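Every chain is named by a letter (A, B, C and D) in the order it is written, and numbering of its residues begins at 1.
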């Protein structure tokens, strides 16, 4: 991996759309309640990706990440995503 | 849920420890490479919890979240976690 | 031999600090290694000795006992010593099987521990060249009710996670989990037992051996990369390394069933289609690279030269010690004819896997490791393998035996309300239906499963033949606890009864010997005596031991587990027409009790239910008599006279009759669950006291016979040394009616079934 | 048309591929062959069959990675040309991810893997995959999955219903996974692509408990030879 170019730390968050039932989140919430914790109202579970990347001349990193999210990391039928890109000193 | 007290939005991130094999991340990374994207170096997958909560008199929210993470959301043998707590206007 | 990494102790420091003790190597063993080598072993070498001479790798305390097992027979093609044992099943085919324990990893990390247990035993099977076709799981946990457990929530968590781990790995890789057993006793709290058995099929011409033969041939590493996974226990405690940071610590092994699926297909491809360039193949199991490679060399009488820099690594700065001992999963070692490495690499690449050459076979008998340009270990192979120590450890009659036998097995037992007792037994987790568990296992993938979980034995048909294989796992640790020798006989007899009840001739067994610490003479007594019982029974039933596994040190600070030699047995069904299940098939069929019930209450579920403990002397069993019963029952089955057969075990004849009624399915009659099905009943009369309904007499069966076959069935038994008593019939009443000399039982089949079927899920929720 | 030839697609991690081949080739007796995920042509084949299993371990979402396999371009072409494309279990999940069928398959509401012989009903016997069944015929076909909860939006469900795209339903009270409207299998609008969670290839031999899947294969073959 080229050292002269920029490095990135990308974080992607994928969650179910509001309208999609998340039984796993419900189960976790139920467990929390049964364990005796108070004050927890709702739990939803999502996926979380930590990606390290480096600059590719001619392709902005945003474009790559956008495309990977759209095509692979999230299923647009039922999920939404967002991401953060940070420059990474390494 | 009481409306007079504070509401919180809690986000918990759970990831494998560095030393633990992450076959899921490897599979995704492989797919990204096969799909022809350049510049992606590593992918690790974690879990992501969106929790809404409300204030419980006498128990700081940090304490509750800490304890839930330790006991339920993360497996201390293999995983680490971090979280953000925000006050939520609702 | 200089130049090991700076952070590592020198050979002198290893000697002076006795660091090897933290690897469970004794001073005497260290001295032995020094003497054999004629010099001080360096850090890496001492580590190799410690791990290769550990109980886990060399069975130093159990070997003398294992040598007493019968291991040969006319059908045995491969006995103990290879990855798995092999038995001829005709038509040029053979069955390959072995069981393995993953108790300790499952106690620490139940999901991954159980999952990697499945992964490990699968590799043993396909490394022989066989395709894995079935998995069985034998599980033991602590109690599930709060009044009997120290930490009931943790016990439930363990059940949940272990089962999830097995299902996740087995389902993903696509090998059906077709059977197993699950029992609960407080002695397993803190030390659950997770034993997994795998059965494979092979064309006899494809049988492989794990050999590294032919100087100059290449040693190739395939599969997953190596990390610091599962390196034994205290090794990386901070004092030793003075660094103590997270990444230096041994990591939990994570299973990657997808990787293993590709590994199975690639390895079988090489074995079936490129056998001319493959010399040997072996899986990397316990003590990973060092164990697999030295064994391959030892079997071929060769030496090895390995260049550790070429070992694919997942983590940075791994030391030779770490690489050699790592137990990263999904890795195999191949010995390949020199010059053909690229062909092998290409095959693995086509499955998305890496295969790299990490060394070669030598003719000097030495095990030589190179790392960063230096030789870091140089030891004769046989020092690590064949010359490992073997101990004849002292035995002592356990004190518990005398104490347990002062009381009569009947003490504390009184059945005043047999119906209630019956329902309580059906609800006890050890007897209750395990559907909640096996429902999460894909038991049908590969489309060979004739009998899924839920009958005495699972049955897999053998494609392109008329034959099928029956398989089961069995062991009631309570009996061994009360009398190791008789208990050992019972374990094999019970497994054989399950096999016979499904219409099969028992072929052979594998085992997992789960015991406490061998340093305890009482444990050694249990081990020795139960092995004697197993051997005696194996001889009678003509089922040699073809493979197995020993798991010692199963104890927590409080107590050792019951001595639990799990028996995995496979039987051959000559024609699929002979397959029988435990489920009643039709109203009107006559019901027989085969054999006669005795007041066998010591260690029974009834005794535990009513007294909260187990005690008393179990009575010896008549192996020859049971064998005669088996032979006659099998003859009846093969003549097509038997509609259903179920052996009497936990809970006694009442439970056996009930389970036969529960299994009925009006659609398929195959015993699979269908709550909508019309329900059958049974009307039986036994000339016995109420208590006897719950006696656990091994070698007795409940059998149903169509009326048209009754005469011939009775004739067969009359001409034999076995007895069959007609006790009633299957009917449409929807009631379980069992009359006795006392009050007897009369309950609705549906309500009893509900108790039995829902209990486990209920207890686990 | 001459005797049809089936392609059984093998993705890394497919594990019902051999079962499907056995059912078609040995039990039903029709020409079938494995085709690797990286094949670039389906020339000479008349139907594409996507088996069950755990393609790429199902590590991201079921079917999400497999849909990018080179062979899927050919499967798309097949579908566009009106040739039959079938997916069971993981195959169904891949077809949904690939957009060849509407909807998605999510975790069972029980959150557990379920392996059982499902009670399935034929909702539409006028497809090329189901013509040898009676309408509403009750079938026993095994299911084995952890992610079989078929999910579509309300509008999509209306459309599916209006277009008679629902081919199979679980019998009332027998829904093993929480699928919307008890849906067990759907076709595309044109009716030449079918996905279903139950495994018809596991129900072709009475010895193994059910032969209710045989008419599925015979319907399909009849539609190809007609």
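Criterion: a contact is a pair of C-beta atoms (placed from the backbone, for glycine too) under 8 Å apart; a residue touches a chain by one contact, two chains touch by 3 or more.
As the structure is a prediction and not an experimental result, all values here were calculated from the model.
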item: Identity of the chain that, by mean CA position, is farthest from subunit C; value: A
item: Pair with more cross-chain C-beta pairs in contact, given B-C and B-D; value: B-C
item: Separation of subunit B from subunit D, taking each centre as the mean of its C-alpha atoms, in whole Å; value: 36
item: Whole-Å gap between the CA centroids of subunit A and subunit B; value: 10
item: Separation of subunit A from subunit C, taking each centre as the mean of its C-alpha atoms, in whole Å; value: 41
item: Residues within subunit D bordering two or more other chains; value: 56-57, 59-60, 65, 68
item: Multi-partner residues of subunit B (at least 2 other chains); value: 23, 27-28, 30-31, 35, 45
item: Per-residue multi-chain contacts in subunit C, two or more chains; value: 256, 258-259, 352
item: Interchain contacts, given as pairs of chains that touch; value: A-B, A-D, B-C, B-D, C-D
item: Subunit C - residues contacting subunit B, complex; value: 108-109, 112, 224, 227-229, 246-247, 249, 251-254, 256, 258-259, 314-315, 328-329, 352
item: Residues of subunit B that touch subunit C when the two form their complex; value: 16-23, 27, 30, 75, 77-78
item: Subunit B to subunit A touching residues, read off their complex; value: 1, 13-15, 25, 28, 31-32, 35, 37-56, 59, 61, 64, 67-68, 71-73
item: Subunit B residues touching subunit D - in the complex, by the definition given at the top; value: 23-24, 27-28, 30-31, 34-35, 45
item: In the complex with subunit A, residue positions of subunit D that touch it; value: 60-61, 64-65, 68, 96-97, 103-104, 106-107, 109, 111, 151, 153, 178
